[in-house]
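In the two complexes that follow, chain A is the common piece, with chain B as its partner first and chain C second.
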Partner chain A sequence: MEIKVMKRVLDRNQDKAEQIRALLKENHVRMYNLISSPGAGKTTLLEQTCRHLGPDYGVGIIEGDVYTDRDARRLQSYGFPIVLINTEGGCHLDSNSISGALQEFNLQNLRLLFVENVGNLVCPSHFDLGETSKIAVVSTSEGDDKPIKYPMLFRDARAVVLNKMDLLEYTDFDYNHFISDLRQVNPTVPLFETSSTKGQGLEGWFHWLEQEMKEQMNK
Partner chain B sequence: MHEVAIVNDLFRIVLDVAEKEKLKKVDKVHFQLGKMMQVVPDLFKFAFDSAKADTLAAEAELEIEFLPVRMKCRQCGTEFELKQQNFQCPDCQGMDLDMVQGRELIVKSIEGE
Partner chain C sequence: MEIKVMKRVLDRNQDKAEQIRALLKENHVRMYNLISSPGAGKTTLLEQTCRHLGPDYGVGIIEGDVYTDRDARRLQSYGFPIVLINTEGGCHLDSNSISGALQEFNLQNLRLLFVENVGNLVCPSHFDLGETSKIAVVSTSEGDDKPIKYPMLFRDARAVVLNKMDLLEYTDFDYNHFISDLRQVNPTVPLFETSSTKGQGLEGWFHWLEQEMKEQMNK
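Up next, the complex of A and B:
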């Protein structure tokens, strides 16, 4: 006997994500889901961003880490509320874990919530967390072929950060190739070229974030 | 390894239906999989075989129907199949496209008795 089912897998994740999206909207909080390969520079970029925005900006952070609390500890000194989600080996965050983490925040005091996803380019791009937008972070030390290999992420991303620009000359990263591939996949996404450790090239990223936040206030 | 999370959720659905329909065993699962989901078929099958042990679906076979990625041009309305990640309309060269197919993860039907 064949039974027709026609049910979408992961629809519970999707439903939860939509609930989160509504909750954040109600509280005027924007949530950015940072996705990259391991070590591309998400935590360093967040450190710089926290430093720039200062403790009164209403920033919160959700740290997705496979086993440790190292990244969360690096970010602790900036005085923002941080909630750590250990995925116990899991390769991505899901909306259920975000929903639990959100209960630890006082949303009324927040404007901007960063989620550092688990370092991985495939899995996190397929799990909606209820974020306002996804941000893709890539670095010059991991090759220039990421946009073509992971088109879903680069199409969904609302901004792309190309980090470790200071290492460009020491790698075989083909900058022009990267740009043409990125533009093939996503012709319009804003691109920020940064060196997070040196604090270089971050003005554009900060400016973009501030514009985004203004949009929120006018809504 | 989102394959594992997908397979686990797939089993939740399959076993749910099997229970509702009072099946004694599940023989086959028909699954539709959009190519944009970047699922590795071998990993997926392996995860499926690991998950099915000791369930009603212990002997079930997984049949995957791969769905190609299809895009629709917002400018001229042309629909086309995406090849080599070339996100450009073949008719008007427009690049403002919507994905109309490619992200499916659908349990289409199950066979059992």
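Up next, the complex of A and C:
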């Protein structure tokens, strides 16, 4: 009984996601869905990225949060349009809420839309939001076993950011173990090793993002 | 439509949880449901706790994991009975799976049952497992904003473990901010500040657990 309903929920989510994908394509907007554990550093990565891209780049942000507006407020100072979605206890964003949020943007002014999903490694992976790509963010202090324990996200991700590299030496994170597990799940995904709070190692991530945007322009 | 079904799922979960609670009470077993983000240190805390309590204490473990048996294997060496529940993509344990797992234990030999829930700060808070108490585990490297961002868990927790205190000085975790947010959500919950990997600050946690068990015996 519940399985049938879940299938219907997912089917309906998928239909709406396809509509979003078409709408974004029509407007030449790329949408990146950032997924991580709570506290892995999505917001700080976004702050650094917004600062790097600058106010004229055409960035928008959809901020997913269970109850608060804390992350949205942190991002507000960069002058980009932000829409906050509070899930009120829900553990992931869905395409219906994204569809509503998109109506708050002037898509013609946007090139790049970041979605910061609810901090959760499981459910957000099941729900297509119509994004161009999923980005997995993981931090060294969470341990090296995340790619194997949450394979769905790492398999689907178009890029992986390994954040909090500045904490690596203080943890028992086994770098080779992490790489070997990640490559088992996803042999080719680009990996960026960063410290967002320290502003270190971000060049590769910025470069990748800009390459992605160039591809978009050439399409 | 989905809301009605969700209510039915939660009602059914609650019924089963009450049966579990009665069964555990009858057998004088206390069950602690450990909830945290992925990688906050639940497994390491359990390893330290198992080591401290020793093989004759009557400890059992139910290990919740999305796909793998990695955490269960880590805990196996302590000689306690362990039952692994793989949720196969599910983001939390429910009372039905716990009920099945309980059949694998000889409850008369147990005094204390730890449940390590799936790493997730949202959904596990919604599902009563019939536990005696929920324990929230949070780590300094996740940032100081978790109690306010995930209030349901911190409101319901009977104890909070703030782990990875050894990383505090390398992060921008604002201790006063954390305490103030936690006390806003839950003014009285005991807080234990630990480093499970370094084996530091665990005395308070052990002591609290032993006091809890004594209360059980006096009931």
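Following the convention adopted for this analysis, the second predicted complex is superposed on the first by the 210 of 219 C-alpha atoms of A that agree within 3 Å, B and C clash if a C-alpha of one lies under 4 Å from a C-alpha of the other, contacts with A are read in each partner's own complex, and residues count from 1 in each chain.
Quick note on the criterion: contacts are C-beta pairs under 8 Å (C-beta built on N, C-alpha and C of every residue); 3 or more make two chains touch, one makes a residue touch a chain.
Remember, it's a predicted structure, so these values are computed and weren't measured experimentally.
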item: Which superposed partner A:38 touches (first chain B, second chain C, both, neither); value: second
item: Partner chain in contact with A:88 - chain B first, chain C second, else both or neither; value: neither
item: Which superposed partner A:184 touches (first chain B, second chain C, both, neither); value: first
item: Contacts of A:126 with chain B and chain C, given as first, second, both or neither; value: both
item: Touching partner for A:197 - first (chain B), second (chain C), both, neither; value: second
item: Contacts of A:9 with chain B and chain C, given as first, second, both or neither; value: both
item: Which of chain B and chain C A:152 touches, first, second, both or neither; value: both
item: Touching partner for A:56 - first (chain B), second (chain C), both, neither; value: neither
item: Overlap of the chain B and chain C footprints on chain A, listed as residue numbers; value: 1-2, 5, 9, 90-91, 122-123, 126, 148, 150-152
item: Residues of chain B touching chain A in the complex; value: 1-2, 5-6, 9-10, 13-14, 17, 21, 23, 36-38, 85-88, 95, 99, 104-113
item: Of all residues in chain C, those that touch chain A in their complex; value: 1-2, 5, 9, 37-40, 65-68, 70, 89-91, 118-123, 126, 139, 141-143, 145-146, 148-152, 164, 166-167, 170-172, 197
item: Chain B partner contacts - residues on chain A that touch it in the complex; value: 1-10, 12-13, 90-92, 94, 122-123, 126-127, 148, 150-152, 155, 184-187
